[in-house]
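Across the two complexes that follow, chain A remains constant while its partner is chain B and subsequently chain C.
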Partner chain A sequence: MRSEAKTVIIGGGIIGLSIAYNLAKLGESDVVVLEKSYLGNGSTFRCGTGIRQQFGDEANIRMMKRSVELWKGMKDELGCDVEFKQSGYLFLLYDEEELRSFKANVKLQNRFGVPSRIISPDEAKMIVPPLNTEGVIAAAWNHTDGKANPFRAVFAYANAAKRLGVKIYEYTEARDIKVEEGRIKAVLTNRGEIRTGRVINAANAWAPIINRMAGVPIRIPIEPYKHQGIKTEPIKPGQIEPMVISFKHGGVYLTQEANQGGVIGGYELKYGPTYDITPTYEFLRGVSYRFTQLIPALKYVNVIRIWGGYYAETPDGNAAIGRIEELDEFYIAAGFSGHGFMLAPAVGEALAELIVDGKTEKPLWFYDPYRFERGELREQAIQMG
Partner chain B sequence: MTDPRENIIICRCNDVTQKEIEELIDQGITDIEEIKRLLRVGMGPCQGRTCIPLVIGIIARKTGKRPEEIPVPATRIPTRPVPMGVLVGDCDEE
Partner chain C sequence: MRLNEHPILDFSLRRGREVTIYFEGKPVKAHEGETISMALHAAGIRVLSHSSEKHRPRGLFCAIGKCSSCLVKVNGIPNVRSCITLVEDGMRVEMQKGKEELPKTAKPPEWKDAPKFEGDVVIIGGGPAGLMAAINAADAGARVILIDEQPMLGGQLVKQTHKFFGKREQFAGVRGIKIAEILEEEARKRENIQIFLETSAVGVFQEGDEKLVIAVRKNRELLEFRGKSLVVATGAMEKMIPFENNDLPGIYGAGAIQTLMNTYGVKPGDRVLIVGAGNVGLILAYQLIQAGVEVKAIVEAMPKVGGYFVHAAKVRRLGVPILTRHTILRAEGRERVERAVVAQLDENWRPIPGTERVFDVDVIALAVGLRPSVELLHQAGCQLLYIRELGGHVVRRDERLETTISGIFVAGDTAGIEEATTAMLEGKVAGIAAALKAGVASPDWLKEIEKAQRDLEEFRSGPFGRHVLEGIKKVMIGGSE
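Showing the complex of A and B:
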């Protein structure tokens, strides 16, 4: 293992790996990534695979628009097919109040070049043939949203970063961070010490632990909640192409995986804060009930497995991304509240720009880690599941 | 000449061959959790009952580890496929 590096990134999920790759791409390749387990094990490999631009605020819309551009080009840029597919996101709307708020969101999304629109229940049924549209009065639809394979995406970033000189150490846990007079000196791991002047906390669910190690002097409330996912056996391709969402059914979301053909999804049931992610029977029953309400034919489809994962949540459902001024140099990109996978390409690019150039055109200010301390919470991000 | 390992199916649910698994190990990916996710061995309807012992055997042979040193990936409920309708049947109070 290296005993010295210019930058140490703690967390080998898609966020840490995207930051590592983007730093190296800008010429800062003296980077070590530490992962306490295997790559992707924290939240990325447990995610719902969705990639959407249908948010309700300018910053998330703009970040996700950039992310989708990067997802689209990822096969060429990273040299690995991450199975990105623009199969759309379909929000089912059941009353006038929902419709009003989604109309306002669509207007905002359109202003930033996201081609979302409100469609009729019949159009929704054409997009998803087995959909139960009973009670649906309209739907919000964006065909440029999509999904990708989290396993492949993690390895695509990891391999591209390694080719540029980044070192990635798995089963290597950060145990402490040495700070002297406000300056980062080293990261202590279970495999020895790495001298460094710059730490990036990309540990998401474990980010508060890393913050404590470094003595981050401000309050950044991030708490791990257990969410769960479900996967069915493969069904005929093309049945449930987009991500289908209903807030009226407890924030249920489901889609058919691009290449595997099974139905994957979940709903808003959560437990915590906790680091226990044991799957529950309550979820298995609850998610089956909701899936079959939306797509009655799923009654006849076998459930293959359910699993647990973390939403590292902040009070406003938006991540904490930026530099901690009191510590030279400490950055955080964590607390993604269920949106880390989709945001990773743009977040990695923007944070690398901030670190290398000292500024970025992308709206990272929105995710200011100081906003909790100042009491300037953002409007709650549109969250599903 | 085709590689005979191309015709040896290790994971019958997801059609993964011995060659694919060994190639990944040759690239340095020897962690069963990563092999599982990259090739989706053990993620189909059998949930690894058939293939995971075989994968452990391959990893052990290629890396020189003892099979008992290789951790078995988590078993996920419901462990055998169950139709959603069955699960919903006892869920009607919702």
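Showing the complex of A and C:
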């Protein structure tokens, strides 16, 4: 293992790896990524695979618009097919109030070039033939949203970063961070010490632990909540192409994997804060009920997998991304509240720009880690899929 | 074709009323008590589905619900395991062509609470280990729930027509099928054992101190079982080996052939090549000949026969060549096996060019070993280790077969591949230990555990057991890791 590195990134999920890759791409390749387990194990491999631009605020819409551009080019840029598919996001709307708020979102999204629109239940049924449209009055639809394979995406970033010189150490846990007179000196791991002047906390659910190690002097409230997902046996791909979402059914979301055809998804049931991610029967029953309300024919399809994972939640459902001024140099990109996978390409690019150039055009200000301390919470972001 | 004459078995007792099912719209005669794939095989139907990527024909492989080779569509519902689903009069069976399309019109299901059943000890698997666990846990005072996804109890004993070795109290000299009957009778006469057949356990959850097992009965009804402790005795599944066209219908696991001919009285084919000369391959050859099937040869990649000498001698006396240092290169045929090509191997396990031989067969039996069915234990979160000597991934456990999760026990082939005798002894240990854990058994029962442990030790002291003991040492909690 290296005993010295210019940058140490803690966390080998897609956020840490995207930052590592983007730093190296900008010429800062003296980077070490530490992962206490195997790559992707924290949240990325447990995610719902969705990638959407249908947010309700400017910053998330712009960040996600950039992310989608990057997801689209990822196959060429990283040299690995991450199975990204622009299969759309379909929000099912059941009453006037929902419709009103989604109409306002669509207007905002359109202003920033996201081609979302409100469609009729019949049109929704054409997009998802086995859909149950009973009670649906309209749907919010954006065909440029999509999904990708989180396993492939993690390895795509990791391998591309390695090719540029980044060192990635799995099963290597950060145990402490040495700070002297406000300056980062080293990261202590279970495999020895790495001298460094720059730490990036990309540990998501475990970010508060890393913040404590470094003595971050501000309050960045991030708490791990257990969410769960299921996957069914494969059915013919292409039947449930978009991510289908209903808030009326407890925030259920589901889609079909692009290539294999298994139906994957979950709903809003959460437990915590906790680091326990053992799957529960309550979830299995609840999600089965909700899946079959949306797509009744799924009653004929067997569930083959259930798993738990973390939403590393902040009070406003938006991540904390940025530099901690009191520590030279400490950055955080954590607390993604369920959106880390979709945001990773743009976040990696923006944070690398901030570190290397000292500024970025992307709206990272929105995710300012100081906002909690100042009591300036953002409007709650839609936490779905 | 159905077998009617058999030196040991009488199938007329098992075959129920004649019914009609429809395969691809055509009527097929079947008997109540038969599974779909058995009835179809008896009618000469070998191709049950087409694979999803390359659309290759697929048929039966394991015949006990452990693989996905025989999935069909039944009354419009896809992915039904035809090997463990019983026929019903008028059933519409369709070949599954790749991944299925969902019907566009379907109503949301009626949603109600699942029926709930409670016991002290829940046992998954009604084979030799599970039955012995049930009987012993019940005798120790536990209310027992025993579930199995097969339509009958006995596990793989129901197709073992050979007589067992060992001690008299371990059923030496008794045929497996008879042992299954004895154990079933013992289980059924105990009022504190509730038995659920055609019921697949699909998940294990912890609810406080209780174990919750959720299961699906007859592919449609969700059931909930709660107990203070759980014994997982889900057996094993057959291994597959790579060779060209190894997915052609007519290539079966050895156990599947025994299920066809010994359990359901269906002739597996006319001419068979067996791959693997361990005890399973040797016994299978003998059983095939008993059922009037020609065995062309047994090929074995190792330089010598792996099974007992007595079995090999018997097979050779019946004129079946055993070709050691030979392997199968490929199967040939369009929609089913028509030929098998084998070749001799050199010291580096490479086929020697020019030694190819073609066997004109319609069945290829793979008797190349088993691997433990640990899926539920894995899902429950028990710690697994890969132990070659025990056949693959197995759970860590202590001497009373308790896993790394308190209150979850393991027994039989699920704990490591051995044989029915050790499965029964392990079942006894795990069943009593589970009853003790549930707090319902008197400590006097510890003596019975010790006795079974001694019997296990004795049984494993032979040359075949040494291998197993090596493996067990590696998975024992507190042992060497």
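Just so we're on the same page, the second predicted complex is superposed on the first by the 384 of 385 C-alpha atoms of A that agree within 3 Å, B and C clash if a C-alpha of one lies under 4 Å from a C-alpha of the other, contacts with A are read in each partner's own complex, and residues count from 1 in each chain.
Methods note: a residue touches a chain if its C-beta (ideal position, glycine included) is under 8 Å from a C-beta of that chain, and two chains touch if they have at least 3 such contacts.
A quick note: this is a predicted structure, and the numbers were derived from the prediction, not measured.
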>> For A:Leu108 in the superposed arrangement: first (chain B), second (chain C), both or neither?
In response: neither
> In the superposed arrangement, does A:Ile218 touch chain B (first), chain C (second), both or neither?
Replying inline: neither
>> Between chain B and chain C, whom does A:Ile306 touch in the aligned arrangement: first, second, both, or neither?
In response: both
> After lining up the shared chain so the two structures overlap, which partner does A:Ile119 touch, if you call chain B first and chain C second: first, second, both or neither?
Replying inline: neither
> Is A:Asn41 contacted by the first partner chain B, the second partner chain C, both or neither?
Replying inline: first
> After lining up the shared chain so the two structures overlap, which partner does A:Leu354 touch, if you call chain B first and chain C second: first, second, both or neither?
Replying inline: neither
> Taking the superposition as given, does A:Arg152 touch the first partner, chain B, the second, chain C, both, or neither?
Replying inline: first
> Given the touch rule stated above, what does A:Glu233 touch, chain B (first), chain C (second), both, or neither?
Replying inline: both
> With the two structures laid over each other on chain A, which partner does A:Leu99 touch: chain B (first), chain C (second), both, or neither?
Replying inline: neither
> Which positions of chain A sit in both the chain B and the chain C interface?
Replying inline: 233, 279, 281, 284, 289, 292, 298-303, 306
> Where on chain C is chain A touching in the complex?
Replying inline: 52, 76-79, 98-104, 106-109, 111, 202-203, 205-207, 212, 214, 379, 381
> Which residues of chain A touch chain C in their complex?
Replying inline: 129-130, 132, 233-237, 239, 261, 278-281, 284, 289, 292-293, 295-303, 306
>> Give the list of chain B residues in touch with chain A in this complex.
In response: 14, 31, 33-34, 37-38, 40, 43-45, 47, 74, 76-78, 81-85, 87-88, 90-91, 94
> Along chain A, where are the residues that touch chain B in the complex?
Replying inline: 38-41, 45, 151-152, 155, 170, 231-233, 260, 279, 281, 284-286, 288-289, 291-292, 298-307
